[in-house]
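Multiple structures are listed underneath, in structure tokens.
Shared chain: chain A. Partners: chain B in the first complex, chain C in the second.
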Partner chain A sequence: MNEQRYSYVPNPVLSGLLGVFPLVAAANSLMNGFVLGIGVALSSLTLALLMPFLQSFVPDRLRTPTSLTLSAALALLIGAGVEAFSPAAARSLGVYIPLLAVNCLSLQTLRHYHPATDGEGRVFAGQYGTGISSLLKEALGYIAAAILIGAFRELLGSGTLNFAGPDAQLFSFSLTDEPPARLFAAPAGGFIVLGCLAALYRIATLKRKRRGA
Partner chain B sequence: MSYLGIVALSVFGANALLSYGFAPCPASRLRGLVGLAAFVALFLANALAASLLWALRALVLRPLGLDYISLIIFVMIAIPLVRLFFRAIAAKSGFLHRLSTAADDILVSSIVFGIALISTRSGYSILEALVASVSSAIGYWMAAVLLDALRERLELSDVPEAFRGAPAMLISAGLMAMALMGFDAVFIKNLAG
Partner chain C sequence: MARTKKEILVENLLVACAMGLLALLVAGVIFVAKSGSIARERSVLSDLAGRPVAAQPVAIDDPSIRRLYRLLGQGPALFGAVIDLDSRSGSAVVAAVVAADGQIQSIRLIDISSPRAPFAAAAWFANFIGRGGDRPFPSRVDAQNIAVVSGATESYLETGAALGRLSVAVRALAGEKS
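Presenting the complex of A and B:
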């Protein structure tokens, strides 16, 4: 029953607009989209894994500040990882890496992810697993949306598509010599691309519902 | 940059909502930030958080070489202090009650975090950081009010089904952001000094 309930998890970005702020402003290339998607997914999944254990020994009053501090520490660690993987992406993302600490997907985990516990704070394994699998689907949806938005914006904003590893360029594609529409690399273009993708996602969801009905 | 330039840049050129995309989480209780209590909460929270982060970085973290953990210190010290301030002025009902309720949601959002980080990393003095954070709150509020008015008009318009609601709002926000793209830092510096 639970598996059926969680078999379809709506995309958090394109249907719920969760965590869109870094995507609108900073996901203007495939690399940035990839880094942001992985960062947000890692942060929220780690929090979801750690929250039940935090619940068992941190008093209620201190739970929010403690989990926020944990979230900030995770953002710092992810920032160090991004700096090591791609210093150019770390520079280009700037303030958006520390802001992973208050990303909506992580905040949603902090606010709403309360797996059932027994009287002594032990986690019921079944419900815990279901919560994690649902969050994993949401996180994968977030990564896919972030990569899609980043790739679209890079293609339209600069006419190229690049993906660089720590030491070398892993992938490079050039669509045009001149940037087709620089607007899409700016936040204004981010809003427009996100709006169009959300509309396409809605069309796909409506078609799916009609087929199911 | 002059104070007038900082205000113009924070309100228009580097608008918190339309240029940085900072917004409260849709999962939070807050529904928009157009109410007066929410605006005052945002205004006070931004001013207090940015000043505290600036003071912590300049007086404690930089002298000790611990600037890289400023985010953790901000979460552990500045946010609880600002929350205490709102709890201290809270009342059981009325405007102060709405103010403290709104502050609870705003404090843990990208608006307060982002504006505090940007205004303290821009090389401003404490007074300039304060002006920048307060102006950013005004810029955010202005954009939120305009988008709310647009939302009301869109609800009454014949929008294709796929674009109804969030997609139409996002595209409208994109068009508003395009209008503000003209107010870049160089233009404002030439205009306001």
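Presenting the complex of A and C:
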């Protein structure tokens, strides 16, 4: 019964519209979408992995501030990594990197992925595993949605698709000489792309449900 | 069983110590990551000016100027700066060498977030070289006659404004020294 319940994990962005603000505002290129997706996924997964230690060693009344401090520390570390990888990408993402500390997916992790413990504070391995596996699926779903939104917006808003490493361009594709529709590089275009992708995702989910019924 | 105030205080102190250790760890990692970026910037500046770069940057109060260094070695006084530039279609980090009178000597792109950002065009910075001393930076009217600026006039003027602020800062610094 439980296995059936956890086998399908809805995409947090396209189904739950969770953590969409940075994607709509800042993910206007494949690179930005990738960085934001990886940042959110790393942050929420690391928090979920650290939860059992917090539960064992930190008293209840201090757990929320400690979790938030951890989340902030992770956001700082991710920010330092992005700055070292690509200073210009860090500059173009701006405040959205520090804001990873309070991203909805990370906050949801803090809220929902406290694993169950026995009377002596030990973690039930089975329940913890279920939480981590579904969170892993959610994180991968977030990365996929962030990359898709970034790639579509870059293709439509700039007419290119690029991914740069620390010292070189890893791949570069040019669709047109002039940007086809600059609107898609702006937040308004982000909402349009998100809306279209969310609609397609829901259609696909409905078809899947009908086939399963 | 209710805990005593002393036990609660000890718990709080232990958690505070753990958070302090976490802060030290984060600061250490950020220091290492930042040192790598600074070394890369210094190597670009040294290569661009053909001179060694001073060990410590000069403190400067401008959000778009990341770091400003004195350039060492023989010859006229030179300064090297790393600047952030923004446009609607992307950001860039550039290295610039400036003479003591504020004249821009050379500029090189260090990193760019999108090849469609106007800074990616090879000729983008050409019109700023030699500006800043006796020659003013390009105005809106000048920008209308430059082909590479077409469609990105605001970004061009903002680039000129950032380099202008750098020029003023270098002149002030050179004045202080003399």
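Here, the second predicted complex is superposed on the first by the 210 of 213 C-alpha atoms of A that agree within 3 Å, B and C clash if a C-alpha of one lies under 4 Å from a C-alpha of the other, contacts with A are read in each partner's own complex, and residues count from 1 in each chain.
Here is the rule we go by: a residue touches a chain if its C-beta (ideal position, glycine included) is under 8 Å from a C-beta of that chain, and two chains touch if they have at least 3 such contacts.
This is a predicted model, so every value here is computed, not measured.
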item	value
Combined model on chain A: chain C and chain B, fit or clash	fit
C-alpha centroid angle, chain C to chain B via chain A, nearest 10°	70
Which of chain B and chain C A:Ser172 touches, first, second, both or neither	second
Which superposed partner A:Val102 touches (first chain B, second chain C, both, neither)	first
Which of chain B and chain C A:Ala181 touches, first, second, both or neither	neither
Contact breadth on chain A, by residue count: chain C or chain B	B
Which of chain B and chain C A:Thr69 touches, first, second, both or neither	both
Partner chain(s) touched by A:Ile132 [first = chain B, second = chain C, both, neither]	neither
First (chain B), second (chain C), both or neither touched by A:Val24	first
Touched partner set for A:Leu194, first chain B, second chain C, both or neither	first
Partner chain(s) touched by A:Leu77 [first = chain B, second = chain C, both, neither]	second
Contacts of A:Ala144 with chain B and chain C, given as first, second, both or neither	neither
Smallest separation in angstrom, by C-alpha atoms, between chain B and chain C in the superposition	8
Shared chain A contacts, counted only where both chain B and chain C touch the same residue	69, 73, 76, 186
Touch list for chain A against partner chain C, complex	29, 31-32, 57-59, 62, 66, 69-70, 73, 76-77, 80-81, 83-84, 86-89, 91-92, 154, 157-160, 162, 164, 169, 172, 179, 182, 185-186
Chain B residues touching chain A - in the complex, by the definition given at the top	18-23, 25-28, 68-69, 71-72, 74-76, 79-80, 108-110, 113-114, 117-118, 121, 161-163, 166-171, 173-175, 177-178, 181
Chain A contact footprint on chain C (complex, rising order)	11-12, 15, 18-19, 22-23, 25-26, 29-30, 33-34, 36-37, 84, 86, 88-93, 110-116
Of chain A, residues touching chain B in the complex	16-18, 20-25, 64-65, 68-69, 71-73, 75-76, 95, 98-99, 101-104, 107-108, 111-112, 183, 186-192, 194-196, 198-200, 202-203, 206
